[in-house]
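Reviewing the structure listed below.
So that you can tell them apart, the chains are marked A, B, C and D in the order they are listed, and the count of residues begins at 1 in each.
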Amino acid sequence: MMLNLLFIGDIVGEPGRTAAMRALPELREEFGLDFIVVNGENAAGGRGITPKIAQELLRSGVDAITMGDHVWDQPDLIPWMDGEPRLLRPINYQQGTPGHGSVLLETPKGKVGVVQVQGRSFIQPPLENPFVVGEQEVLRLREEGAHAVLVDVHAETTSEKISLGYLLDGKASVVIGTHTHVQTADDMILPGGTAYLTDAGMCGPAVSVLGRDKDAVLKRFCTTLPSKFPVADWPVRLCGAVASIDMETGKAVRFERIQRMYEKNA
Amino acid sequence: MMLNLLFIGDIVGEPGRTAAMRALPELREEFGLDFIVVNGENAAGGRGITPKIAQELLRSGVDAITMGDHVWDQPDLIPWMDGEPRLLRPINYQQGTPGHGSVLLETPKGKVGVVQVQGRSFIQPPLENPFVVGEQEVLRLREEGAHAVLVDVHAETTSEKISLGYLLDGKASVVIGTHTHVQTADDMILPGGTAYLTDAGMCGPAVSVLGRDKDAVLKRFCTTLPSKFPVADWPVRLCGAVASIDMETGKAVRFERIQRMYEKNA
Amino acid sequence: MMLNLLFIGDIVGEPGRTAAMRALPELREEFGLDFIVVNGENAAGGRGITPKIAQELLRSGVDAITMGDHVWDQPDLIPWMDGEPRLLRPINYQQGTPGHGSVLLETPKGKVGVVQVQGRSFIQPPLENPFVVGEQEVLRLREEGAHAVLVDVHAETTSEKISLGYLLDGKASVVIGTHTHVQTADDMILPGGTAYLTDAGMCGPAVSVLGRDKDAVLKRFCTTLPSKFPVADWPVRLCGAVASIDMETGKAVRFERIQRMYEKNA
Amino acid sequence: MMLNLLFIGDIVGEPGRTAAMRALPELREEFGLDFIVVNGENAAGGRGITPKIAQELLRSGVDAITMGDHVWDQPDLIPWMDGEPRLLRPINYQQGTPGHGSVLLETPKGKVGVVQVQGRSFIQPPLENPFVVGEQEVLRLREEGAHAVLVDVHAETTSEKISLGYLLDGKASVVIGTHTHVQTADDMILPGGTAYLTDAGMCGPAVSVLGRDKDAVLKRFCTTLPSKFPVADWPVRLCGAVASIDMETGKAVRFERIQRMYEKNA
């Protein structure tokens, strides 16, 4: 039995959310999707996610939402997190941290585990070892009966992401990176059957710097003076990937990057 | 008149160099190449480049070599650099630094300028502002008669690279990133006619972490203990991009990413 | 003729300002002070300085105020800076940046120059080379007739600060560090006659972490969760140093660290 | 019963080691020392320590040696570490790391525990939370009968060091920082009885940048080009602190910084 899984990278602001929610039904049909994971760390005006936005995404057919270094940006989220197992922060926070780092969900085609780990190079705050913690958790989910496991690696450096791909090859079904907001072109199925992509890319304003107003960012880089970075406007480019996972083996058998453009009024 | 320009990302070690030099004649014919730029900062065992290797590449048909943060790794290179204008280090070093940061070369189809700038986020050493210095240099090369200008942005962050793309749109013909060793999937021609790609990707061992032995890198990440990272082995994936530039306007009219696999014995 | 110069390190919040302004008359008398420089980058609730606070300090007898990486925290300051030459930001920002990086002031005992440079290790934003720019500026002030020059080195690392001390030995009269908020015990007069201290220490709440509420900071370090860091309360420890400078030679002949405690109601 | 404990900061190179070993007998007599801890992370030519040097120090009367981020610089040390419980690396490495992070030693006056933790800001590699791990270990040593506990906080930032001081106040007898090589002037006994000093300073060449040749370091900062940093020469400044600890309560009752100069031929 084959499970078709869609992952969408960092959703940025209102344009990103609107486009993602509009796209889901058509992508579901096109790819025969069984399971959808999105990274939502920039969904609320670029800074974190609110419970309301998270609920909208989950009601629109998203099965799990991963976050990242922006997970604490919206203070409302923190008391709410413990009650929503489908909203994931990086698992390699120390014990006692609010929220969940992984989830195991039932689907008609079998159990699917989702884990997020965060890197430790050029990203804050300092966390526990994502290699040690991430591998343990994938194995634990497998022992708990996961037929497929997706790992979102939220990291700045390509070296951490690729290394986690190799470490988890044959253990996770999909290892996919987030945080840099630019899709990479290195999608592959590793020898052990793990679908790997260094970065999924974002779902946000296409003409922008990582989803933010390009002129504001440029001004800052040119002058080194601080400035606010509002979320840029439509059109939106939605970036992600679709994996087909053999639920007997947990291995990916197909893996495809996607990029779609969405206009404001469509 | 159209100039076809190939850029190859960070060449890693002996496998990377050998594959690049073997590939050049066939790529030249396939794409009707007029001009070839390669990033050579990891050509000598992963650490910098030697005069001998640089000369081999130049004799093999490479028109210019860009470097990056590894430019000073081979002490032999430093006294040699001043005499070879086709070997470029980042231009945003302060005045008085050995070597060249840009070059203007004659071709049968017109003058081509090449510039390298280095970012300032999560990369050492601290340099002058690449936005200010880079833009000035591109404009200066134009004033000196450059019909086309390529800028290699050697940087860790996607934000600096994309911002430089927008800043130089309509001024440079091609803005292409290096340093992360993973090709991105965001190749585009910006509104002003500049071909843009966040990272070209590397030309190095395909089964590796950034060209290095994956087990050595993994061991380091899993234990946090130091370890040596030898260059990995064949096969090699060569990554880069080909731009077709209208030499009347300096604008790119076609832009295409390339990835090719090379076996050791072919 | 001897000029007695007081430097006070980073003034933190209302307690720090109040203590500093209360202390100035007594310190002036005790040390026969001719010239007073304070670092004000944390004077406004820990974040930058406002024009109003700067004016209060200047009216209280402060001759010049240096800032640091917090210089842009108060948006009101930016339009005001150009009109107040005694308010200094790091000089090694690029050309065109608002505000002043140095000042040359007349005193009854001769001309005194003040310069601030900012380091480039572990401190943002990336700036021009403080060694090159700082040395040039000290020499320029000398040429403009400065009998004494004080340099505030706003930096995280001891290596940058000590190196600037040696570089400017015999050129500046005083080289004193700021930013770490902890006074160092390495006050010395270097062979060329420059009084040197790696960090002046702060003028702020004594029971605190760098002037901030210690429980809030501790909570963040223990949990790695974000938290607000309010300025802590009285008593205040005022840290700084007093140099006696021979205005014929520009050399320091005496150099003394000071630390004083101030209660809220005194 | 009072235990007099000496801590000496980062010993740098041959001059630092020679001076420290020469100083120990006279300091032992002067202060009636019962226990001596030194930081040895730069003892071997500035880079780590060898088993031979560690043994020399231990034979000279040193009771325990702490290290830091340079602990892995000498490959010979790694297989040797497990067999020498008095050689300490930061304890907040993950489980399975070679070597020891704490030790509990018998003395005629009672049991003394020594722990090293490493910070996580601007220092590599990324480690586990020093606040959580450090506090647990101090409490564990107390439970195992330690009458006094010294904690060496090897960290770049003053904020981490001060916060650990407050966290461990009343639990550890002495919390003392290392790594910046410059002694701070904030020695104090905290309300709970813990002697605290942000940085002990180094034991190394007095005319130097952190023990290294100042001209080499200056050249690097002025040019941003790489250069080698040999250990500088005599005279040596030995920096540290002496605490008198009440072995009934584990609280410090006296705490004094020391700085001594040593000429090569004395």
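Everything below uses one rule, namely that contacts are C-beta pairs under 8 Å (C-beta built on N, C-alpha and C of every residue); 3 or more make two chains touch, one makes a residue touch a chain.
Only a predicted model underlies this, so the values are computations on that prediction, with no experimental measurement involved.
Counting every residue number used by either copy at the chain C-chain D contact, over half are found in both chains.
Copies chain B and chain C of the same sequence differ in orientation by 180 degrees, per CA superposition (steps of 5). Centroids built from CA atoms put chain C at 45 Å from chain A. Separating the CA-averaged centres of chain C and chain D is a span of 30 Å.
Multi-chain contact residues of chain C (touching two or more other chains): 94, 121, 126-127, 129, 132, 224. Within the complex, the chain B residues that touch chain A are 121-122, 129, 131-132, 156-160, 162-163, 166-167, 180-186, 198-199, 201, 209-210, 214, 217-218, 221-222, 224, 257, 259.
Interface residues of chain C facing chain B in the complex, by the touch rule stated above, are 94, 120-121, 126-129, 132. Put simply, chain B touches chain D in their complex at residues 72, 93-94, 96-98, 125-127, 223-226.
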